Amino acid sequence: MTLLRTLFKTKGEAISFAAFAFLILLVLPLALPVFRLNLVGKYLSYGFVAVGLVLLWGRCGILSLGQGVFFGLGGYCMAMFLKLEASDPVTTAIQSTPGIPDFMDWNQVTALPGFWEPFKSLWFTAGAVFVVPGMIAFLIGWAMFRRRVGGVYFAIITQAMALILSLGIDGNQGYTGGRNGITDLRTLWGWDIRSEDAQFKLYFCCCLLLLAVCLLGKYVINTRFGRVLMAVRDQEERVRFSGYDVAMIRTFVFTVAAMMAGLGGALFVLQVGFMSPSLIGIVPSIELVIFAAVGGRLSVVGAVLGCLLVNAGKSAFSEAYPDLWLYLMGGTFIAVVMFFPDGLAGLFGKPSGAGAKLTKFLSKFRPSLMGAAVTPTQITPLNK
Amino acid sequence: MKKTNLITRLLAVATLATAATAGAAGPPTATVNTTGLAVTDDTVTVGQLHSATGTMAISETGSIQAEQLAIDQINAAGGVLGRQIKVIKEDGASDWPTFAEKAKKLLVSDKVGTVFGCWTSASRKAVLPVFEKENGMLYYPTFYEGLEQSKNVIYTGQEATQQILAGIDWIAKEKKAKTFYLVGSDYIWPRTSMKIARKHIENVLKGKVVGEEFYALGSTSFGSLINKIKLKKPDVIYAAVVGGSNVSFYKQLAAAGISGAKQTLLTISVTEDEVLGIGGENLTGFYSSMKYFQSLKNPNNGDFVAAFKAKYGASSVIGDVTQAGYLGPWLWKAAVEKAGSFDIDKIAAASPGIELKTAPEGYVKLHPNHHLWSKLRIGQWQKDGQAKVLYESELIEPNPFPKGYQ
Amino acid sequence: MFSQYTTEELYNIFLMQCFSGLSLFSVLLLMGLGLALIFGQMGVINMAHGEFMALGAYTVYFCSSMTEQYAPSLGPYYFVFAIGIAFAICALVGALVEFLMIRHLYHRPLDTLLATWGLSLIMQQTYRSLFGAREVTPTLPDWLMGSFNIKEGLDIPINGVFVLCLALAVTLVLMVFMYKSKFGLRLRATVQNRKMSGAVGINTGKVDRLAFSLGCGIAGIAGAAFTTIGSTGPDSGSRYIVDAFLVVVFGGAANLLGSVASAFGIAQAQSILEFFLDGTKGKVATLLVIVIALMFRPQGLFPSKVRGH
Amino acid sequence: MSNSPRNHVLAIEDLGVSFDGFKAVDGFNFYLDANTVHVIIGPNGAGKTTVLDLICGKTRATSGSVKFKGKEMRGQREYRIVRAGMGRKFQNPSIYENLTVLENLEISHPSGRGILGCLLFRRTPAIERQMTDIAAEIGLSDKLDVEAGILSHGQKQWLEIGMLLMQNPEIIMLDEPVAGMSVRERTETAGLIRRISQNRSVIVIEHDMEFVREIADRVTVMHLGQILAEGSMEKVSADPKVIEVYIGH
C-alpha cells in the first residue's frame, strides 16, 4: 500500500497510468495490424528516453541535447550482438573473410576487432546496453557537474558530443558500419526477429519494460529524491547548503536517464532491425527532447504519450501531406513551448493554465491584430 | 488488410470513371496477380519512395520527377498489361529508419506491385531487409558501390567498377597521368570507389596515389585539403565529394586558383544536378565519368529531354541518376510483360536479359545479376553547366563483386 | 613527410596554410558574431540562426537573378548591395520573430531553444517551397573569383580575402556599436540588470528587439558572404549551427572579444589538424579538444568578471 | 586572543581572498565562542557577505585557514562543510517555493542525504516530531501544509532559519535576517535568535544597529575587507574609528 502511495500520489495519476497501460497493452494490439503495431513499438522505444528526460530535464532542470548518444550506444551494443549472430561463416561465405560482419569485409577489415569480441555473448550485451551509456554519462556528468557546468552550456556541450559521436562512427566505418549503420539484423539466438510473431512479442516486451521504467520514474519522482531534484532545479544553492552533494545528484540522474535511453535504443534495434548514426546525431537528439516537451516534461506518462503522438502524427501527416508536415511540426513545437510549457499532460493537470496563457498572449495583440471585439472571455472556452 | 483493399477498390472506381483512355483490357487479374498485390482489372499500384524533405531532397528530386514522367508516358501508351499505373508517393525524409518504415508500409499495407526509390546507399541498406523479407521489388536508380546483389532489387545505375575503371584508364592515357589524389565524402560509396580506384591505379596502371582523404558529409572547409593538393601536385584529382560539401569543395578549388585550365580533375559525383548548385563557372574544364549526360546526342535522348523539359520547365536539368530513374518504370514494364504477370518472383525471373532500346543513354540490357550493362562516358564541364562528351566506352558488364579489387 | 619538397614550396604552403586558417577564422567569426549578440548578450538560444544565414544567402540568390533579368549592367556590383539587402531582410524578419515569439520567452532560455528549433523547421520548409529542394547558386561577380597569384605556387583566394575583410569590418562596427554607442550602453545595462534598466528609463523591450534583429541581420550578412565559398540550400543553415554555438560558448558567452579569440583558436586548430590528419579525423579531433577544454574551463576562454555571487 | 584556538568553535586566521587583484577580504582573524551570537557589521562593500561565503566554502579563499572545532575546513566542498555542522542562511530568503512548509523542513533533515538515502527515506515519528517542534519554534505551526511560495516575506525568512535548525548545526550563519521585516517581526526574530543560540553559536550579518544591540554578545566591525574593531557592542560603538567610518559614509 505504501509502495502504491509512493508510486501514485493522486488518484488521477493512478488512473492515467492504468489508462495508458490499457491503451498500449490491449487497445492498440487489438486495433492495429502487426505492421502498425511494430511502428508503435518503435515510437515507444523513444519513450524510454522521454522518461529519462522527465527526470533529468523536467524535474532536475538539466537539458541534455545528447540523449541520442545514449540511445545510440544502447542500440549499437544490441546491434553488434545481432550483427555477429547474422554473420556466421556460412551466410557470409561469399566474403573474402567469412564470419565477420559484411561492412567490415567491404572495408578491408580482415579480422574481428577486439572490442567486438565480447558482444558475441548475449549476457555481456544485455549488461553493456546499460553499462556503456551509463558509464559514459557518469564520466561526462561528473566532469561537468563538478565544475558547475549547467543550463545552456550543458545543452550545447552535450550537443557537441552528439556531433562527435556521429562523426566518429561515420569516420570509422570499418569498425562501426559508418553512415549506413549496422543493417540486416536477423535473429536473436536463432529466433527470427523479423517475423510477425516475433514483432508481436517484442512489442509486448517493449511495453512491459516501458511500463516498468515508467513506474521506476514515478517512484523516483515521488520519493524525497524527487523533491530534492525539484529543489536542485529551483534553488540549487539552498540544496547545497542543506548538505546535499548537488553534483552527485545531477550525475546520478544523468546516468539513470542515459541507462533508460540505452535500453530504449536496444529495444529500438530489436524492433526495427538496424542501427545507424542518423539516430544519434543532433537532430534526433533534439527531436527526442521535443517529443517529451510536447507530451509534458513533468509527467512520465505524458512524455511517453508525447513520443507516441508526435511520431504517429509524423507518420500520418507525412503520408497524407508530405509538404505540409514540417510546417505543422514546427508550428506545434512553437505552440507547445509558448502556450503549453507543461505539454499535453499540463492540459489535464491544470485546466486553466494553458488556456489562460493563450488568452494572455492573444490579448497582447488585441489592439493591433485582433480588433477590440475579441475579449479574453470569448477565447478561453475554446481552449478547455 | 480489409481497409487497404477497400481503398484500392475505391481508387479503382475512381479511375474507371476518369480513365476511359485505358484502352483494351488486359488479361484477367486472377492470372496476372497470384500473390495478392494491389492489382485490379484496370489499375496496378506501385510505390515511390524518395526523400522529398531533408538533406537528400536536393539529390532525389530529379529521380522523383523522372520516374513520374516514365509512369505518365507508360500510362498514356496504355499502361502495363492493360492496367493504368497508380503511384503512392512516400517521403523517406532523408532518414533511414523512416525509409524502412515507409518501405514496409508500401509492401505490407499498400501491397504495391513494385517500388521505385531510394538514393543513398544507407537508405537502400535500410530497406533491403524489408524488401527481402516481404518479397517486394525495388528499382534503385543511383550509381553505387556494388558489393551487393539481391533478387529483390534491380539496380538501374552503375556499380562502382562500371563507373570507375574505364574512366581512370582514359584519363591516364589522355593526360599521361601517373599520380592521383583521391578525395571523397566519408561514407561507403566514396570509400569503396576509392578503394577500387586505388587498386586499379596501383596494380593495373602502375601509377601512384599520393593522397587519399575523406571528409564528413556536410563539411564546408577544404582549405587545408587544397593546400595539401597544392603541395603534392598530383596529375589528377579524383573526387567523390557529395551533397553540400560538393559545392564548397569546387568553389574553394576555383578560388584557390585550381581550375580546369591548370589541373586535371575527374569526378564520379558531379552530374548536371550538382552543377546547378556548384555553378558551371567553378567547374569549367573538369571531367565527370558517368553513363549519361544531358547533352548526349541520340534520338532517344532528344525525345526524353524534350518531354522532361515540357513537364518540369525549360530550366530543369537531367543528370545521370535522373536518367537511371527514368529507366526503372520502363524496365519494370518490360519485365511484367515478358513474365505476363505482376508476381514479384516471376518478374525477378523474367528480368535477366531484358533489353531497352529506347533508353536515353542508348541501348541497355539487364544482366542476370540484376545490374545493367552500360557504357561509360567522360564529359567535360562547360561554363553553361552542360558537359561535352569526349569519350564513350563499349558496353561494360556489371560486376558487383569485382575480383582483385576487394 | 616533407623531405621531398624544396624549402620554398614548404614556405609557400606554410603561408597558404596560415591563410586557410585565417579564412576559416573569418567564416567562424561571421557565424558566431550574430549569435554572440543573441546568445551571449541576451541569453536566447537561437537554433534558427543557421536558417537566418540561409535567408541571407537566398537573398543574394534572389538579387542575383533579379539583376541578371532586369539590370545585367549592374552585374559586377550587385553583390555589395545584396549583402546590405540581406542584412535588412534578416533584421526585419528577426524583429518580427522577436515580437511574436522570443519576447515571451526571455525568462525561459532553454525553451527558446525548442521554440526556435520549431521555427527553423518552418523556415527550412519555406525555402523548400519557394526555391525548391535543390541547391541554388547566385552568379558571383568576376572580381570575386579566382586568386591573387603572388608568385608561382602561392595563391591567395580573393573570396577568402573578401570574407576576411567583411568579417573584420562587421566585428569592428559591432564593437564600436556595443562599447561606444548609446544603444550599446543600454544593451549592456539591460543584459546586466533588466529590472534596474527598466527602472532608470531604458525601454528594455525595444533594446531586446533591436539586439535580436541586429544579431539576425549579422547572420544574414554571414549567409550572404558564404555564397562565395559554400552552398545555398534549404538545409545549408543547419550545418553551421553547432560550430557557431561552440565559437560563442568557447569564447565565454558574454564577451564579444572572446568570440573573436575563440573563432581564431578553433579555426587554427581545425586547419592544422586537418592538414596533418585527414578530413573527418581532423574535425573530430577539433571538437574533442573544444569539449574537453570546456569541461576544464566551463566559463570559456574569457569569462565575464563579475564579483562572486 | 586570550584563549587558545582549541576552545573556539570556529577559529579563522589570516583569511583572505582577492578577485583579479582586488582584495575583498584581507588578513581576517575571527574567533567564535560556543553558544554566543556574534554579529559582523560594516558599511556596504566591507566584505561581510564574502566572509560568510569563505567560511561555508561558497567562495574559495586564497589564503588563511578556517578551523571548525580544530579541523581545517578551507578547501572542502560546501556539502561537507554543512555536514560537519555549519548552516548558512542567505540574504534573500531561499526556500523551495513549490513545496509545502513541512516538505521544506523535511528536505532539510540530515538523514538520507545520499542518493540511496533519498530514495529510501521514510518520515519516521521522530522526524515528524522534530518538524512540528521546529515549526512551532518559528511560528509556522498553522501553516504546515501551505505552499512555501505564498508565505509572507518575514515568514519565509523564518522558514529558512527553521530549515537550518532541522540540520541541527553547531554554527548558524545568518545574512541580514531581518531585512525587509516589520517592527513586530523584527522583535520576534530577535527572540528567535536568542533562543537558538542557547545551544549553538550564531554569526549574524546586520546593518540595523538597534537590532544588533538587542542580540549581539560580541561584535566585529569590518571595513574595506579588514577588521576595524572587535568587542562588545558598547565598546565598538564608542570606538572613534568605527564612528568615523559610519559617519564618513
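Order of writing sets the labels: A, B, C and D. Residues in every chain begin at 1.
In the analysis below, contacts are C-beta pairs under 8 Å (C-beta built on N, C-alpha and C of every residue); 3 or more make two chains touch, one makes a residue touch a chain.
For clarity, every value in this text was computed on a predicted model and none was experimentally measured.
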Identify the chain pair with more contacting C-beta pairs: A-D or A-B. A-B
Remotest chain, chain D as reference, centres from CA atoms: B
Measuring from the mean C-alpha position of chain A to the mean C-alpha position of chain D, what distance in angstrom results? 44
Centroid from C-alpha atoms only, then distance chain B to chain D, rounded to Å. What do you get? 75
Quick one: report the Å distance separating chain B from chain C, using the average Cα coordinate of each chain. 36
Going by the contact rule already set, what residues in chain C reach two or more other chains? 125, 128, 280, 283
Going by the contact rule already set, what residues in chain B reach two or more other chains? 52-53, 186, 214, 216
Give me the residues of chain A that touch two or more other chains. 167, 170-171, 323, 326
Enumerate the contact residues on chain C facing chain A in the complex. 39, 43, 45, 47, 101, 104-105, 108-111, 113-115, 117-122, 124-125, 128-129, 238, 241-242, 245-246, 249, 253, 280-281, 283-284, 287-288, 290-291, 294-296, 298
Under the touch definition given earlier, write down the residues of chain D that touch chain A in their complex. 56, 58, 77-79, 82-83, 87-88, 90, 94-99, 103, 106-108, 110, 112-115, 118-121, 160, 163, 167
Spell out the residues on chain B that touch chain A in their complex, using ranges where they run on. 1, 52-53, 89-91, 93, 95-98, 100-101, 104-105, 108-109, 121-122, 125-126, 128-129, 133, 145, 147, 186-188, 191-192, 195, 214, 216-217, 401, 406
Contact footprint of chain B on chain C as seen in their complex: 5, 9-10, 12-13, 16-17, 19-21, 23-24, 27, 125, 128, 132-137, 139-140, 145-147, 149, 153, 155, 157-160, 228-236, 239-240, 270-272, 274-275, 278-280, 282-283
Inside the complex, what are the residues of chain A that reach chain D? 219-220, 223-225, 227-228, 230-231, 234-235, 237-246, 248-249, 252
